[in-house]
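These notes open a run of structures that come right after.
Look for chain A in each of the two complexes below; its partner is chain B in the first and chain C in the second.
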Partner chain A sequence: MKFLVRLATKNLWRYGRRTLITAAAIALGLATYVLLDSMLVGADEESVRNLIWYETGSARVMHPDYWAERERAPLRHVIEDPDSVLDALRSQDVAATPRTTFSGELIVWRDPFPEDGSLLVHVTAIDPETDGRVYRFDQWITEGRPLQAGEPGVVLGSWLAEDLGAEVGYPLIISARSRYGARVTIDAEVVGILNSPNPVINRGGIFLPLDIADLYLDMEGAVTQIDLRFADYARVEGPIAELKQLPALRDLEIADWRLLGADYIAMMEADSVGSGIILFLVFVIAAVGVSNTMLMTIFERTREIGMMRALGMDDRAIRNLFLIEAAGIGLIGAAAGILLGALGNIPMVRVGIDYSAMFRTMDAGYRSTGVLYGAWVPSTFVIAALMGVALAVIVALVPTRRALRMDIPRALSRQ
Partner chain B sequence: MKALSIILLALIPATTLMAQSAEEIITRMERNQVHDTSRMEGRLIINDRFGSRTSSFISYARGADDALIEFTSAGERGQKVLRTRDEVYLFYPDAAELIRLQGAALRDSMLGSDVSYEDMTGNRALLDNYRVSLDGEETINDHPTFRVKLEARGRNVAYPRQTIWVDRELFVMRRAEQFSANGRLLKEVEVKETMEVSGLTFPSRMVIRDVLKRNSSTEFVIDKAEVNISLPRNVFSLESLRW
Partner chain C sequence: MISVTNVQKQYRDGDTTVHALRGVSLSIEQGEFISIAGPSGSGKTTLLNLIGCIDTATAGEISIDGRAVAGCGKRELAAIRREKLGFVFQSFNLIPVLTAFENVAFSLTLTGTPDAEARERTMRILDEVGLAGMEDRRPSQLSGGQQQRVAVARALVKEPTVVLADEPTANLDSRTGHAILELMVEMNRRHNTTFVFSTHDQMVMDYARRLTMLHDGEIVSDERRSA
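What follows is the complex of A and B.
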């Protein structure tokens, strides 16, 4: 075996150019695989983070009947006594903030807006004092200022503001129904514009102080939800199971971010199938390239195989020699591919790729507003290395066996 | 002190009389306008920044709660809207689909008009929902009217405040204004023409404006009306939408 390894190494060196070309094909395929996987994993990680930090929190406490009707943002299924729930959560050191989401119509008038218009919207009423414990909006207010309790002010998502032609100081009207069904109108002023990393918020976010919503919507202290953030924001099963034991939360439902962001999760799952197909295609392209080069390599050496057999080397040793050579090429290719992938991944992780022009006009489902960053995924590097070696060995098997089936004179006469 | 007591005693019956007369005005108006049964043919003329368009319809109604509107104009032919006491259903013939409107969907305007689907719900008799008071008299489009203020009895009434101008002679509405809970004017209704059928007078041409949406108005015209007639069985049922 030692002899075979030494001979295979010599052969690899002897056929240097061929070794280099074949290894380059493998390296290119694996580097593409590594970079593509890095980008897809990075996009998913960032989307999950932005979903939790700006849209859903780690989990949400709500009335058990609310979820089934969430699309209509009903005000009849509410948490009647949010203070007792908040006290219970505080006792468990869970960051929490009350919110009320309601549906309504946003009405703007020409002068100062460019056009008269109205838009059916979901408005989120937040407690300016506590919302920052769960969400991270304040740092993304790019114009104006954050909301203040007691003022009929509105913070708009930046893309929505752009579409409406809204600027800080512009007046608008929110027309809605009170908790009991009466028509109410809230005259408010745009106090801030929010340009967060979450496109859903930028595209449709309308935020109002909770006490103003409470007053106008006749909520009498009730809220539609209490949003939570756990220490490890994405790991929720354990903390939720503990919170469910609290008496104050016994009659309420706790939904985690996976359920709250079900549309994104569904998209991500569908996307992972698509990503799998893309990665498979990359693999197939690499495999075709490698197998073609390996076929050429072995067919060109049919005479050599015949010579070795004529000199008494048994078929098994010849096959092993060629497989060791293939594994060597695979190893060189995998090492180069991983190195190339790692070098390419550094700017992907640090600088990212700017898709902002695309995401502004198209809802791809990702919770990212533009720059998608790569991620370091060690398992991908291991898989790529194993795949490179295995691929080279597998594609070398067939032509080697075929060459070995030829009789010696025919093999020797082959040019 | 004695004099003051006499004035107060004298005022109490007068106030009661005013309230009673406001209720009487509304009762007489509703007797004219809300029919046991009716069948009407008419048009919706919708004016907005895109121009003017007309949709014709046939409507059936029973009391204040049940109504069925079937559109007959080419663009909307076969579309139906059924209103029962608390719900609104839509039927689109092309899709053969029945939709129950809920939540935000109720705020959609009907065919892009100034009338939303939620305006069609909860039309119980006004006196069931509102306390009424006579607020004075005023001439509207050359018609002397009573100005009646309506304040919702409960918190579940869509328009917590309304003002209705009722014709002093014909007891038909001449104008109405509907307000939000915090007093913002939301809708204006102006009656341009009335019609008399079987001794009952009711608006036959009125203009409705959603004040929050500027530059638009909807004219509601009744061309033909029959009242207190027998209607097909189950006309206000879900099955009727799929005729």
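What follows is the complex of A and C.
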């Protein structure tokens, strides 16, 4: 075995150029794999972050019957006494903010808007004082200013504003039904436009101060939800189980972001099947490229194989020799590929890739508006290295076996 | 020691069958220096391949050191070649990445000879074939004649029952060819190693102490000559 490794190493040197070309093909395939995977994982991580930071929080407290009817955003199943819940949460050091979501009709008129129009919408009433404890909107107000308690102002998602032709200072009307079914009309003014990293918010977000909603909708202090933020969004089960013990939350339900964003997460998982196929294709292409040179390398050495067999070297030893050579090529390729992938990943992680134009027009499902960042995924590098070596060996197996099936006199008579 | 009994070899070439050997019988004793001669296509290479256990006969029997080859499997044949047979090829066939020393030692690596012993035997045989001082050269740094000397050393170093050489001088100029033949004669005399070589060159045949003529797959003459 030691002898085979030594001989294999020498052969790799002797066919240096070809070794490098083959290793380069492997390296390119692996680097592509590493970068693609980094991007996909990065996109997924960012999507989850943007889901949590702008849509769901880490978890949500609500009335037990609310979830089943959430599509209609009913005001029937509410948290009657949010202050006691908020106090209880504060005693546990959990960041929380109350919100009320309701459905209504957004009505705009020609002048100053380009044309008359109305739109069925979900409006989110937020508490300007505490919303920032859970969500991160303020820094993304690109025009105007954030909401202020007590004034009938509206913040619109930037794409929605663009579609409506809305600008800061424009008046609009929200028509809705109060908690008791009375038709109410809220006269409001656009005070800010929000261009967040979350496309769902940009496309449909309409925000109103909570006290205004409370007043118009006859809520009498009740809210539809209290949103929470935990230190680590990956671990929510433990904190939720603890909160459920609190007396103030006994009759309420707590849903984590995985449930709140279930539709989206299902979509993301479907996407990852697609990306698995892409990664597989990368490898098929690399395999085809590598198998070609491997085939030539082995074919060219048919006579050498015949000679070694004539001298009584076991077929298995000869096969091992060629597989060790292949593994060596795979190893060089893997090392280069990982290096290349790591170097390429640095700018991907730091600078990212700007996809904003693409995401605007196409709803890819990702909760990301523009710049996608790569991620460091150690397991990808390990998998890539193993795959590189495995690929080279598998690809060498077939031509080696074929060369060994040829009878010796014929192999020896090859030029 | 080597006995070939009524051996036939047919090649299928599409629909036609080529009768390369049509019943050849031959007995070779220890220490012989025998040339298989005959015109092109007469079956010399085929016969050497059969004795060399790199091809199998269609009919007949071959035994080496009393061991019948016919029933052997691939691995047993490889073992026979490794332990009992030495090969010298027309086109030298050295391993290009190995030095002269390593090429010769390769034979002993295959038989699992301990390193120290292999080293000593390799150096000794390289000295005998006149390559002292060139152990570290690669085949590409050696002339054709020197490469063939390495090949002879590689065949001899394992002290085989027989060295088989198919046209060992065909790729060499005549002076170098003579030198190689003289080397083989010398080795035959010194070690009493059996040599079987094929040729269609009259000058080469003159070195043989036994000349077996093949024609169209049959032995037409087989004569011993005193040296």
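Assume the second predicted complex is superposed on the first by the 413 of 415 C-alpha atoms of A that agree within 3 Å, B and C clash if a C-alpha of one lies under 4 Å from a C-alpha of the other, contacts with A are read in each partner's own complex, and residues count from 1 in each chain.
Note that in this section a contact is a pair of C-beta atoms (placed from the backbone, for glycine too) under 8 Å apart; a residue touches a chain by one contact, two chains touch by 3 or more.
Worth saying up front: this structure is predicted, and the values here are computed from it rather than measured.
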| said: By the touch definition at the top of the document, which applies to A:F3: first (chain B), second (chain C), both, or neither? | reply: second
Query raised in the report: Should A:R14 be classified as contacting the first partner (chain B), the second (chain C), both, or neither?
Result: second
Quick one: classify A:A73 as touching chain B (first), chain C (second), both or neither.
first
Query = Of the partners chain B and chain C, which touch A:D407 in the superposed model: first, second, both, neither?
reply = second
For this session: Scan A:S84 for contacts with chain B and chain C and give back first, second, both or neither.
Result: neither
TODO: Considering only touches as defined above, state whether A:E304 meets chain B (first), chain C (second), both or neither.
DONE: second
What is the contact status of A:G312 with respect to chain B (first) and chain C (second): first, second, both, or neither?
second
The intersection of the chain A residues contacting chain B with those contacting chain C is none
The answer for chain A against chain B in the complex is residues 69, 71-74, 103, 105, 107, 109-110, 116, 118, 120, 173, 175, 177-178, 180-185, 187, 216, 218
In the complex, the residues of chain A that touch chain C are 3, 7, 10-11, 13-14, 303-304, 307-315, 407-409, 412
Residue positions on chain B within touch of chain A in the complex are 49, 102-105, 107-108, 122, 152, 154-160, 178, 180-182, 184, 186, 212-215
The answer for chain C against chain A in the complex is residues 45, 49, 52, 54-55, 74-75, 78-83, 85, 87, 89, 93, 95-98, 106-107, 109-111, 154
